[in-house]
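One chain, chain A, appears in both complexes that follow, with chain B as partner in the first and chain C in the second.
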Partner chain A sequence: MSEALVEIDRVSKRFGDYTAVTDTSFSIGEGEFLAIMGSSGCGKTTMLRMLAGLEEPSEGEIRLEGRSQKGLPPWGRDLPLVWQSLALFPFLSVLDNVGFGLKMRGVAKAERDRRSLAWLHKLELGEFASRNVMQLSGGQRQRVALARALVTEPKVLLLDEPLSALDAHLSVRMQALLRSLQRELGITFVYVTHSQTEAFSMADRVVIMSRGKVEQIGSPQAIYRHPANRFVAEFIGNVTILRGSVAEVGEQSVRLNTATGGMSVSRGNFAGSHGAHADFYVNADQIAIGDEPRHENHVRARFLSHKFIGNMVTLFLEVPGIEDDLKVILPERTYDCLGMQPGDSVVASWPAAAAHFFGGAA
Partner chain B sequence: MMLRLGRWFGWAYTGYTFLFILAPIAASLVFSFNADRFPSLPLKGFTTEWYGGTFTDPLVIEAFQRSVMVSIPVALLSTILGFCAAYCDFRFDFRGKSLFSLLMLLPPTIPAVIMGLGMLSYLSRISLAGEVWAVLISHVVIALPFAMAMIRLRLAQMDSALEEASWNLQASPAQTLWYVVLPFCKQSLVAAFLITAAVSFDEFAVAWFVSGLNETVPVRVLVFLQGQVSPVINAIGTAVFTSSIFLVAIGMAFSGMGKAKRAAADGPAQPAAGALVSNNGLSL
Partner chain C sequence: MSSNTSRRRWPLLLPPLLWQLTFFLLPLLFLFVISFWSVVNFRLEPDMTLKNWDFMLSRSSFWSAYGHTWALALGAAVVTTCCSFPAACSLAFTVSERTRKLALMFLVVPFFTSYLVRVYSWQAFLADNGIVNALLALVGLDGLPMLNSDFGSLVGYVTLALPLVTLVQTMGLAQIDRNLIEAAHNLRAGPVRTLFEVIMPLAKPSLVVGALFAFILAFGDFVAPTYLGGGAPPTLSNLIIDTTKSGQQWPRAAVVAIVMILTLVVTSLAAVRLAYGRRK
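Now for the complex of A and B:
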């Protein structure tokens, strides 16, 4: 990430009694693909609307290239938005939809049409230029909306759940298109979504929001491996959270007493002392399953059910003394070789390096 | 069996209602071509004499000209003001907004006699009673709610993101109004124009109060009736009916135009504009 292009500085937004965004700060680098992710009502769309100037922050300010955007109306900013509903103009042709922003900037018709057409060709829509937007398919309209926002060559493009209306197959293709377009143009993308797949497959960095607050900012890998807190861990859903009291703080690892016996957890920058209670999490894809323990931490568990996700399988195990199911992710082939049946008793084991304290990863 | 009987009854009832509404108009149409001076059966034979007589009568021609001269500016003004009122209601939130909307839509619910009297007493105080202006002003008051209602219905179909998208593409609010909102409402504007023209062209009661010597067609017809029962009235009635139904039909076609094309993206099509026009026909 290079220097900050957009700075969000202690921004809050209230609607009457309701606080949509609370004291939020982060910055967005030039040429970065940033995804803002969270479930509905988490404040992600409000954040985007504040960037576009459609809402004014109640407190704090947003800076673009160091300039405060305070008080600037939407039409005074150059932050085009791709809308969830697309918001194409139904009474205009495809070409005129794309050229709208140029027209408002006073670009002459010939130049406007030339530039719009170039973008339509780039997005493989050249042959539809004279059509009405209502005659296009969902995926084609999506690309028209993209062309309309990009034709003015902005530095930052805002996208509000643009793929949520497309079917899975089309969505995957659009993700690839967006990613390659972003790389090629070097434009900063701010992409709001509730979909983990979209955020993790495209973004350089992901901002996870919940109830108006940022829970974690980081690369998809960092968030996946080291969720900052219980909320993120549960939201991403690839770890099991356990709890214990500290028995011994060692050089590399911390020994805890848990409901299922002693466990070793990577120490990281853990600062607790003897007897303190602490939550920790175990990465689901670093747990081994077998008849014998293969790592220092091990529990005896009962195999409950499984779920296929592509070529990986998520297993749910019942462990006496633990409230949640223990989640284990295995390659499909490994799972096949185990030949387990629901109800079977198995041993799950993992090294200390697979378990971490929240926020404690070095 | 019960279901079929119910359906049969439904059709019969609908048919009877239409007969009840349309029979006088049909009678007027038939007798306007009847050779007999008196509207009685059996018919005496076909003639266009009454039409010929009507459209050479300078008083009738003058009344027609006046009706057209009034209805076009009325339609134009009502459509413009109706759009402003509808957009105001759509876009802004302000104290007393529901009262504002209620007052805007009130005139058609006021009995025509009360409206006519009120208009007469008001307009005579500002020395406009008996002028063509008086008819024009009164008709704008009566026709404006129709225009507002039709345009407001169309605005309700507009994705609220559409205006925001326009601002986002650096169009000012004024440019957005001109390049986005007006084009979006275009068909309903044309429909509102035609239907308010029809409302004005047909309106009798208030015009009778305020027009003085500047008679519009419906007023002229009443004056005729007071003097004599002439088949000329049937001819005028038929002509007025035809022109009004023509305006309303085109208006409806416009308000429903491209329904199939829009249906997918726009949600429900707006109700037929004609349903808004009521209580304004010629009462012959």
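Now for the complex of A and C:
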């Protein structure tokens, strides 16, 4: 990541008594694909609207290339937005929709038609130029919206859940298109979504927001492997959170007493001392299942249920003394070979390296 | 809607159909028939003659009244549309929904008093020695002849149509998807350009329908041209009154009425086509 193109500096946004975004700071690099992810009401769309100038921050400021955007009206900014509802103009042809931003910049008709058409061809919409936007399919309209935002060659493109209305198949194809476009153009994408799949498959970095605050910023891998806190862990949902009291702090690992016996957890930069209570998490895809313990940490558990996600299977195990189910992710073939039935008693085991303290990843 | 549900729904259409048939189509048919009757000794007598049509349509006075009425109604449509639009814009975009509903309710209040009373009260303002000229005199300006002129008629027409047109425009503007307005801003269209490039095209149906209402109301109105316009030169409605008053010429009045109805039908169809016409 090169230097920061967009800086969000201690930004808050209040609507009356309601605080949508609280004291949030992060920066976005040039040419970066940044996803802002969170459930509805977490402030991610408000964040995007503040970038576009459609909302003015109550406190703090947003800088673009070092220049404060404070007080700049939306029409004075160069941050085109691809809307969730697409917001295409129904009274204009496809070509005129794409050319709208150029027209507002005073580009002559012939020139803007040429540039709009070039974009339509690039996105395989050339033959639809003279159609009305209402005559296009969802996926085609999506690409018109994209062309309309990109035709002015902005440095930053804002996208507000643009794929949420598409079916899964089309969404996957659009994700590939967006990713390759972003790479090819080298411009910064700020992509707001509630979908982990979209965020993790496209973004260089992901910002996870909850209740107006940033919970974690990092690469998809970093967030997946090392959630910063309980919220992120539960939101991503690929770990089981356990709790214990510190028995012994070793060189590489920490020994804890838990409701299901002693456990070893990677030490990382853990700073707690003997007797302290601590939460830790176990990565679901690093747990082995069998009749015998295969790793240092092991529990006897009862197999409850499973669910398929692509070629992986998530198993839910009931462990005496643990409130939440223990989550285990296995390749589908491995699961098949085990031949387990719901109700079966199994041994789940994992190495100390599969368990970490929150925020303690070295 | 499938043909099945429309078949099940057609009994619901019966009451309005019967109403239209009894109180609109039948009288219209009667009007049409009367236009071929004669008047003998101030009394209507059934007949089958074209002389009423010939008498009216061959007179230049009829056609000048027709042109005058058309021009006034068109003027009323344009002036009312222009007067309503700023108000409708602020009601639709700048105030809260609560205020908007309240304001729309107050728009109905003028209909509580008779239109005739409202037109009469304009006389006090527009007369040669009326309130407006008195105010002009205060600042040292010459009085303007406003009563008994086309200007007077227009004031009456706007009085009649303004609340309705504002209502139609406000409802049309309030339905506009805010995302489209924000999208225009996002693509660097400032407030004025957004108004002309996005809001007006989106509001076109309500603008045209509102203007059509004003046109229809003005085209048939006789109160404003009589009491504020002075009845001269006459409009078609003035002509109908004169014709019926002088010698009970109901058949000739029927001819005028039918020409008016045909004009409004054609104008309405053209306006609806303009408002909802297929986009490219």
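To be clear about the criterion, the second predicted complex is superposed on the first by the 362 of 362 C-alpha atoms of A that agree within 3 Å, B and C clash if a C-alpha of one lies under 4 Å from a C-alpha of the other, contacts with A are read in each partner's own complex, and residues count from 1 in each chain.
As a convention for this text, a residue touches a chain if its C-beta (ideal position, glycine included) is under 8 Å from a C-beta of that chain, and two chains touch if they have at least 3 such contacts.
Because the structure is a prediction, the values reported are computed rather than measured.
After alignment on the shared chain A, the placement of chain B and chain C results in a clash.
Judged by the touch definition given at the top, the superposed model places A:L54 against both chain B and chain C. Judged by the touch definition given at the top, the superposed model places A:Q341 against neither chain B nor chain C.
Once the two complexes are overlaid on the shared chain, A:N269 sits clear of chain B and of chain C alike.
In the overlay built on the shared chain, the residue A:S93 is in contact with chain C alone; chain B does not reach it.
When the two complexes are overlaid on their common chain A, residue A:L81 makes contact with chain B and with chain C alike. In the overlay built on the shared chain, the residue A:G101 is in contact with chain B and with chain C.
With both structures placed on the common chain, the touch criterion links A:S130 to chain C but leaves chain B unconnected.
In the superposition on chain A, A:R148 makes contact with both chain B and chain C. The interface of chain A with chain B overlaps its interface with chain C at residues 52, 54, 73-76, 78-81, 83, 85, 87, 89-92, 100-101, 103-105, 132, 148, 152.
Within the complex formed with chain C, the chain A residues making contact are 52-54, 73-76, 78-81, 83, 85, 87, 89-93, 100-101, 103-105, 130, 132, 148, 152.
Across the interface of their complex, chain B is touched by residues 52, 54, 73-76, 78-81, 83-85, 87, 89-92, 100-101, 103-105, 132, 134, 148, 152 of chain A.
On chain B, the positions that touch chain A within their shared complex are 159, 161-162, 164-173, 175, 179-180, 183-184, 186, 261-262, 264-266.
Across the complex, chain A is touched by residues 177, 179-180, 182-190, 193, 197-198, 201-202, 204, 279-280 of chain C.
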